[in-house]
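Paired with subunit B in one complex and with subunit C in the other, subunit A is shared by the two complexes that follow.
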Partner chain A sequence: MPLDTSTYNLALLRVDGRRWNELRRVHAQIRTQAAADGSSYLEMGHTKVMCVVTGPSEPGPRRGTGGGGAGGGGAAAGAGAKAEVVVSIVIAGFSSVDRKRHGRGDKRTLELQSTVANALAASLHTHLFPHSQVNISLHVLSQDGSLLAALINAATLACVDAGIPMTDYVAACTAGSTSTYAANDEGADPLLDLNHQEEQELPGLTVATLGESDRVVVLVCESRVQVSRLEGMLAVGVDGCKQVREILDRVVREKGRRMVQEGTVEKGIGLNEMDVD
Partner chain B sequence: MASSQHVLLSPAELAYLHASLSLAPPIRPDGRSPTQFRPLVAETGILPGTNGSARICFADGTEAIVGVKAEVERTAQRSGDETVFLEEGGAGGDDDDEEEEAGQGLEKRKGDASWVEMTVEIPGLRDDDSGTAFLAAMLSEALLADGGFTKRLWINRRFHWKLYLDIILISPPLSYPLPLLSLTTHLALLSTRLPRLKSEGDEDPFFDDDWAAAPYLFPRTSSTNIATAKSTTPAAAIRPPITLLVMAVGNNIIFDPSKEELAVADVALAVSVTGSSPSHYAATGTGEEAGRNLRLLSIRTVDPPSRLTPPGLANAANTAYGPSNGTMGTQKMAEARAAETEAAEGVWRPPRGGAKRMVLGALVQKVLERGGVVDEVLDALEGVDSG
Partner chain C sequence: MPREAEPSLNEKQFVIQALQENLRLDGRELDQYRPLELSFGDQYGLADVKLGKTRVLAKATAEVTVPYTDRPLDGIFTIATELGPMTSPAFEVNRPTETEVLLSRLLEKTVRRSGALDTESLCLVAGQKCWSVRVDVHVLSHDGNLIDASCLAVVAALRHFRKPDTSMEAGVLTVYTPAEREPVPLSWLHSPFCVTWSFFGEEGEIAVLDATWIEEQVRVGSCTVSLNKHGEICQIAKLGGTPVEAVALLQCVSVSLTKVKEFSDLLDRKLAEDLKRRDKGGFMAELRAENDR
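Let's turn to the complex of A and B:
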């Protein structure tokens, strides 16, 4: 279904009624599941992802390639001085508009797995857990664009919930441009947080940054884009990551506050500045 | 097989557990009564992008999500079917007659097992893992057992719905996930709606795009008033099946066993039952008795993990302990071997052989009891707010 992008210039509104720099509704929860070490649920618009983290734990028996794991720790089989981050992504058959079965060995899924694993292995303090393994299993329940960004954000939240020491949040977001590669449009606006329709039609990239800094952890661009527009897109994307980081931080703080109030956890020493009412 | 996961309990612990579960009444480790289920959290209609969806969290932390998607598919015409259709058409008259008699139309509906596709995803296991395949087979077997389910997917002679059931276990498989997956599938099917058909007869199907008008695959009792309840055929009041795990220790029958309890089970059965909704039996006049008509669909024995547990050793037979220490003659060795095969009080022996016929009979009777456990479960699941 070709997207009619020409309407953007009329009112500067996108197909779903957003402005160029607006995120979709982001809703997140952590500790959604009692049995796991860490778990989270994240919605970015209609993209819905669940994450369950197990570990750091002793690496289990190798299952060959069947586990669908993508090692990101840099060390092999958890035998090294660092914990290995193993990510497995299950894309539900009912997640897209038309039902499609995604096998374990799907190349696209494998690439997503290794991207998420590398991004997190870089920010988790894996050197604190030698000879161990962090299992991150991600479940995609519904897809509407920005899948990689949602996966990274959900995995970050679940790692926070699991209490694995990490440098900072890895917050991810997508950015695009209002006109296609071929259109030689000078006044192309950059767009923030693409949905599925825009992703199909327009050039886009996924960017993840580390915390509040401008340090880019992940940058994935799979479409053709004119070089002159790349800078604008990247700037908008990094800006979006900061907004996402704020949202993730709010979710974690809110959950922490509730847990202190409920008495599930003791109020720590460092929490004195945090107003717990 | 996922059911035979290792439980880290010593033979002494197993013997203790087995002894307390075979008391009358049995004492379960978590203090439940034999027929009591663990609490669970359930919600339906969580994914607007699907025709029906549900999520259930069990108390032990296992969680599953089921999504149902339906697609219109052209029915493959076989020459055999064609001739049957012609004969039926000749007997029933022209098309208008068929539409007038809805009951007859329903009988005409045909179903095929291939119209339902079920996949199970368990994290950490391969797609083609035997355990996963077995689970999927067991769940779809229960669904297809009475043959009535696929008839609901019939649109007209040329088209039918193809139903895809994708079952995802979110948590790592901590306990045997069959009951969890089955209950979640049941809920998802209860919340499944298919677009209302606007076209008539055998033309290409054309649907109402108002989702609010879409009827449920399993019509709900609350939304259908008395007038429509009369017109719905008995088949329409049937609920989707549930498969429960039931185990027996000694003569005690225990529902919803936990992982530890399953580790000492003499027999473990996966029992699939279906029940017709309360409105149905109320309408037919048998409503004075609480409960619904339950029908047994299938029984499968599940290999309990207790068979793989290590046996205990009685003190008398223990060479490293007791009076025989050090001076063990060949005769005593033989005695010890005899003691190993005989039952001794308080010494764990993994169960051998099959289920006793009496126990099996009692078990099935207990499951099918009116107003019993299955009724409770079905009522509870129906109470989950849908949509």
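Let's turn to the complex of A and C:
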């Protein structure tokens, strides 16, 4: 693989013209499918993901056989004391440059499913819905890096739309470093939000944090990198997550405001009779 | 689908409360491993790791095959994990559970994708013949922390393994038997090891190393860090679970590095011991006429 990001040191601009601390354009919508309990559509640059949430509802007869099932703490444990979060991810064949068939039993997809399920189970108040199941189905329409981050963000938005009580947004983004593992240069810059090309060539990690705190829900690093680089990358990643959270929050508030304007919902409806525990 | 018997509510509370008082059921420190035993078999490439009651056996084998068409210059390297009903009643043959998928993905990322084995050196004739190295991981007994034990077993098996020597003369490939020529070790670049942290408490503030099975049942999250002794991270996986402070994670990674150095020293020492055991006193000793009888 030719190193195309090597011009970074000259202009301090990345292949797509961003500075080190800039996110790509994030565009998101919620309530895209009228029939679903919750739905969202999210673009991070050219990574495009669609999400549909069904539930919390009674689990179907197929219970326990789902690929990425994650009980709200403990795999399918507690015999239904908490709602189970089941995630299924479909990666479209046309989503990347080279057309690839992704089987259902693909280990990478299974790992992604389990990660998204466990990440959301940490934020969703699953204990309020015993003996039930939250189905999250994600469709990847286009891939250009930061796939896991986009999946988590889309799933968060869809869960908000579905009205499932949750602690806070789970916001995710990626961070990288301009040094390869071989080059032990001290002047390496951390980078925010990697695209596909950067992901292929540079070491990077995916971080997801809970709300505005510094608490990390997901931390995935799949490349070789010096330990000393980790701190910088993590700091930039956590900071990026806060920016992503702001964007997600804006999307939700904007949609809410529009719905009140259009008269779809009455302002403050349901707030009084809501059973807050 | 059979399911593992869950620990009772009392057991769970006992473990958690003890951990909150910095105590563990087996009297270890929070960042202390169980006694680790590593032994090699008579054959090359067989490693047996015992970590407390957890026992993992890894066997490396090699055969000559045709390389993949899209990678004509690379050999083939696979890691196969098997969690059978012998390990625990919750595991069934031919139906990979989530544990098994995550374990094999972690080993794959730690050992294969980090480039620990130089796959280009496995190529014999470009596009036609290459070595296919395969490591089979058998979990014999499961008492928690399968990941660290399996990773150590895989790395130990591969470092111990010798493949038959080959030569190319005038377009003819010869594979020598061990009697003709001494087998050669694999071209090994670095040794990564996994260190798994388990988190307990409301905020995940208690970090524990080498969790036993019962601790794994009650933990709120886990994070596996793979490093080599040169301080290179090969992989980090905190796949969901209760959120943990970023600073605490960094602390975990730096403690992991010291543990990895210990593993690395242990493996080097054991390999040297094994080499000494096999060494019968050199060439002259092998040619001796008299018997030990």
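Please note the rule applied: the second predicted complex is superposed on the first by the 252 of 277 C-alpha atoms of A that agree within 3 Å, B and C clash if a C-alpha of one lies under 4 Å from a C-alpha of the other, contacts with A are read in each partner's own complex, and residues count from 1 in each chain.
Following the convention adopted for this analysis, a contact is a pair of C-beta atoms (placed from the backbone, for glycine too) under 8 Å apart; a residue touches a chain by one contact, two chains touch by 3 or more.
Since we're looking at a predicted model, the values are computed, not measured.
Within the superposed three-chain model, A:H46 lies in touch with subunit B and out of touch with subunit C [touch as defined at top].
Shared-chain residue A:V217: touches subunit C; no touch with subunit B. Contacts of A:A35 after superposition on the shared chain: subunit B is touched, whereas subunit C is not.
By the document's definition of touching, of the two partners only subunit C reaches A:T115; subunit B does not.
Look at A:L205: by the touch rule set out above, it reaches subunit C but stays clear of subunit B. Comparing subunit B with subunit C, the partner in contact with more residues of subunit A is C. When the two complexes are overlaid on their common chain A, residue A:G93 makes contact with subunit B while staying clear of subunit C. By the touch criterion stated above, A:V227 is placed in contact with subunit C alone, subunit B being left untouched. Residues 64-65, 68-70, 73-77, 107-108, 110-111, 114-122, 181, 205, 209-210, 213-222, 224-228, 230-231, 234-235, 238 of subunit A are the ones touching subunit C in the complex.
Remark: subunit A residues 33-36, 46, 48, 50, 52, 54, 63, 66-67, 88, 90, 92-99, 101, 103-104, 137, 139, 141-142 touch subunit B in the complex.
Partner subunit A is touched in their complex by these residues of subunit C: 1, 3, 6, 98-99, 101-102, 104-105, 108-109, 113-115, 203-204, 217, 220-221, 223, 227, 231-247, 249-250, 253-254, 257.
Within the complex formed with subunit A, the residues of subunit B that make contact are 46-50, 53, 57, 60-63, 65, 67-69, 71, 119, 121, 123-127, 164, 166, 168, 170-172, 174.
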